[in-house]
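Pasting in a structure now, in structure tokens, and then I'll have a few things to ask.
First chain written, first letter: the chains are A, B, C and D, and each begins at residue 1.
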Amino acid sequence: MSGSNVLEVRGLSARIAGQEVVHDVSFEVPASGVTAVLGRNGVGKTSTLRAILGLVERSGEVLLDGVRVDGERTDRIVRRGVSYVPEDREVFAGLTVAENLRLAERGTTAHGTTPERRGLVDALFPDLVKRAGQRAGTLSGGQQQMVSLARALLNDNRILLVDEPTKGLAPRIVTEVAETLATAALTVPVLLVEQNLQVVERLAERVVVIDAGRVVHTGPARELLDDPELVQRLLGVSAGGAGDEVSTSSTSEEVEAGR
Amino acid sequence: MARGGEPVLETAGLGLTIGGARILTGVDLRVGRGELVGVIGPNGAGKTTLFNLISGLYRPTSGRVLLDGRDVTAASVAVRARAGLGRTFQTSSLFPRLSVAENVRLATQRRLGGSLSVLSFPRRGDAASAEAAEHLVTVGLTHRADAAAGDLSHGDKRKLEIAVLLAMDSSVVLLDEPMAGVATGDVAGLVEVIRSINESGRTVLMVEHHMDVVLGLADRVAVLHHGELLTCDVPERVMADETVQSAYLGTTAGSAA
Amino acid sequence: MSTLILLIATGLGLGGLYFLVASGLSLIYGLMGVLNFAHGSFLTLGAFVGLAAGNLVGAGTWGGLLLGLVVGALTGAAAATVTELGLIRPLYNRHIEQVLVTVGLSLATVALFEGIWGPNPRNVTRPGWLASTTDVLGAHVPNTAFLNVLAGAAVLCGIVAFLRYTRYGLIIRAGVENRAMVTALGIDVRRAFTLVFAVGGAAAGLGGVLATQSLNYVSPHMGASLLIFAFIVTVIGGMGSLTGAAVASVVVAVLQQLANFYLNNTGDLIVVLLLALVLLVRPSGLLGRPA
Amino acid sequence: MNRTRTLLAALGTLALLACLPLLAIPVPGVLPGYTYEPGTLQLLALCWLTAALALSYNLLFGVAGLMSFGHALYFAAGIYGLAIVLDRTDVPLLPAAALVLVGGVALAFVVGAISLRVTGISFAMVTLAFAQAGNVLVRRDQGDLTGGEEGLALATDGVPAALVGVVNTRNLYWLALVVLLLVYLVVLWIERSRAGHVAAAVRENEVRVRIIGGRPYLTKLVVFVLAASLATVVGMAYLLLQSGASPATSTADFTLTLLVMVVLGGVGSRWGAVVGAVLYTLLDQRLAELAHSEAVAGLPAVLRIPLSEPMFLLGTCFVLVVLFLPGGLAGAAQRLAARRRPAPEGAAA
């Protein structure tokens, strides 16, 4: 066991409605930086994250800082410092922004909320401070994603699990989300599920590729993204030039110029 | 329109707004008879919503859906299905505790009539069962005919969905990410099945992330982005379109050559 | 005119009772998806134990009634807590089984109550004022109606304030929307479940003692008969909607009183007809979210 | 081969049950006396009718997945309908029964059409409300039709003499057995029919049924009406057996006891429903006797009170089954068989 890994997953399987959707997945997340989980739609990336948290039926080992947590309930695992930013945001639509954030505060426990963290979140999301009294359901998709991220960042976490944070967002917002995540990743390791390869390129140092519920590739992000053939084979997307120096921000500028 | 003449499936100004959020706006899509149209777009662009509106699971807040020139906007899911509209779901949606054969037979039985009869029994030899058995042969699931559908592997479930689709004998078929969760090695076989469905004269509208599959199969490609239809054209032109490139392909994997 | 006022006033009083039962049902269903058949037993138990406690101070005194109300509410809360911890929690997320255990519990407890307190209704002694009436625009309105309306309104305000201003209220409101996500924020949502059961049980226990004052008797079956109307109220108001339950309680009870007087004692049937009508026009109930 | 054996076993059991009134078998502790005695036959006949009713409820709940809390309404409709027709008119038994059946079907159709607009828990509550309305009507005794709390005695003028009186309990026993067999066959028939298969499909995945062009609402309505009509038929036989109608059969509690029987036996299992119902009826009977026995009367209150309430024991027993025996008796039997089956293979290898 390596001491530099914050999270280790060994032989993890997940079942949904009695059907195994993740089979014997193993990988590590180093104690700093972003590790991206890649794979085509429906291969079990989301289920892997949810299995780590115990939100779906699972078997196998999950170690947080070398300690097994797979026997614990979801809320206990989260209180050990594992925050989750789910696919589709899952903000509480009927609650105000302030209430959404208040709900996420875990108090002054070991991995709870500190005044500094609260200040950081306020600084990171000035828009949310302005909209504190607004119902979260009336926010735009991008704003909801910010609420979801802010909920996770309020606490002093050991790791963030982030599921497709850019899904369905406009390119400019994608850039914003990516920048926010980059800032967050300076202080806490992130396990990121992402379809947008440019976001992956911008953020991730390491990648784990899943296909049909199994890990089929792990390694440095560069190595995968520089190899169009590998991208094509593993992810099923025509990656003509993932290695080109197209950054997220330049892409969004193109879009805006084009409109 | 690449094939056929008259549009068999048409949406006009189709839109859905939920609680002030615009999920889909003003989608005008015309699919000709026998065509295979791929629908692409980043996650959350509204592709599945479009399918739910066309198949009737959702009611649009604006616009119309026309099937064979007939306005079916107000028609129920079942009525549309009877009018020849079939679909699959992204995640398997079967009758988990019924057998594989029974899953298929329920569709053939519905089509051949007498579904609500308490006086007639389904039998091994009857027309509905015989046809169901044929479809199982087509997708290669005969050896699992008596297994409960819920016990199948993911790949076999996808095959079963295709068999049910064949059993419905729909003239228009909506495929929602048929490759989702299918191991890379099995993709080629499934592509052939979809091709044969299309070549038997059925119109296919297919949401798919797997670009090679879309480019290899589709007569035309529709691009959805933020709930709007950016374009719908032959693959070459869609791939060359700058707006599409930056909006979708650009943010996915760089530009296609 | 005075008859109409009397009927509306007694209807409002009855509505207060219905709401005390329906509020708990609605809260529990909204958060946990459980239809609690044993809710009537919480009411009956609260009534018997509350009255017994009140009699220690003195039957028919205000002090006794006050103590009875407090003890009744506490008893209901305790019974509900034990039920949640012992029977509902082990069947986490298996809604049908959860309904089934509450069905079994209701059958068993009613029988047990019969065994302990006998199958027949027993008269209760009320404080003098509660046994008399007050003149309102010529109508002799039973004073229990005022007490019931007051209690119903107080419980409504109390629950609304609890939901709006406390952290547990926040957790419950969030849990109604998305339970899994509440858990994923590091919150033990099961504690909120137990609390909701306890709050619902307290309202039912309170309703039980109040019902004895209105009916002037206490019986092992009073919970079951009130429960059926509470079910109807919950469906008409919209499953899981607290305000819906409040509105429907008043509508159902007033209509029932009017029909009983003007339409030859057909109140119960009219209520069922109203239910059918609501289902035909608006299957999700008056204030329920459309499916 | 296996099927033939099962069929032979079933026929054998049936023949034995049919011969019981002619035999003198004592089953101490279970039956009150020898099998030919009227008291015993009456209890057994009650078991068969309850089993038939539980089968009809299992069709609704187990096959179509419709949790109704108002099935007693159609049972009571059979009992009271026939009692009233025989009491108020000169129509002979068979035409009267046909008339009541038509009425039962119409009632089920109307109530089903309305309650099936909602699903799940709401459906349960709405069916309960309708049944409660029926109960209120029966108890209120409008126009002296139902006899209120007293109930209604069977008017025997239109009934064949062979079905009246304690001396003819044997015939009533056979009638009950025939009704059980009939209901079993009809339920089997419906389950195996095309509509039965669609109903099971609706239970599994309603959206998918709509996607393949089926009509879940109509399917559910068909099953609802069929199950209700069977209950009406059983109700009419029940009237003859008990030679009277009592308002207790129209209460919500009565439906709940049906639910208890079906869950006890195993939801969705036909023989489970039969065994559950028979077991329940016998237990109910024996526990009531236990309650009044001297052994119990001598106990301290903590033990005496619970033991003297059969419903308390049954309710508790039911809760335990739900908590610890998923699938009821049928589920337990299945698990037992599954555990036993691999053993011989292992021995052979």
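Going forward, contacts are C-beta pairs under 8 Å (C-beta built on N, C-alpha and C of every residue); 3 or more make two chains touch, one makes a residue touch a chain.
Since this is a predicted model, take the numbers as computed values, not measurements.
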* **Count of contact steps on the shortest path from subunit A to subunit D** => 2
* Farthest from subunit A by Cα centre, which chain is it? Let me know. => D
* Name whichever of C-D and B-D has more C-beta pairs touching across its two chains. => C-D
* Measuring from the mean C-alpha position of subunit B to the mean C-alpha position of subunit C, what distance in angstrom results? -> 49
* Structure fact -> Whole-angstrom distance, CA centroid of subunit B to CA centroid of subunit D, is 45
* Structure fact -> Separation of the C-alpha centres, subunit A versus subunit B, in whole Å, is 30
* Enumerate the residues of subunit A that touch no fewer than two other chains. => 93
* Among the residues of subunit C, which ones contact at least 2 other chains? -> none
* Structure fact -> The chain pairs that touch are A-B, A-C, B-D, C-D
* **Touching residues (chain side subunit C, partner subunit A) in the complex** => 167, 170-171, 173-174, 177-178, 180-189
* **Complex contact set, residues of subunit D against subunit B** => 189-190, 192-198, 200-201, 204-205, 207-215, 218-219, 222, 226
* **Residues on subunit B engaged by subunit D in the complex (per definition of touch)** => 55, 57, 76-78, 81-82, 86-87, 93-98, 102, 105-107, 109-111, 114-122, 164, 167-168
* Asked: Which part of subunit B faces subunit A closely enough to touch in the complex?
  -> 19-21, 42-45, 90-91, 96, 150, 154-155, 177, 179-184, 187, 209-213, 215, 226, 242-243, 246-247, 249-257
* **Footprint of subunit D on subunit C - complex, ascending** => 29, 33, 35, 87, 90-91, 95-97, 99-101, 103-112, 114-116, 224, 228, 231-232, 234-235, 239, 265, 268-269, 271-272, 275-276, 279-280, 283
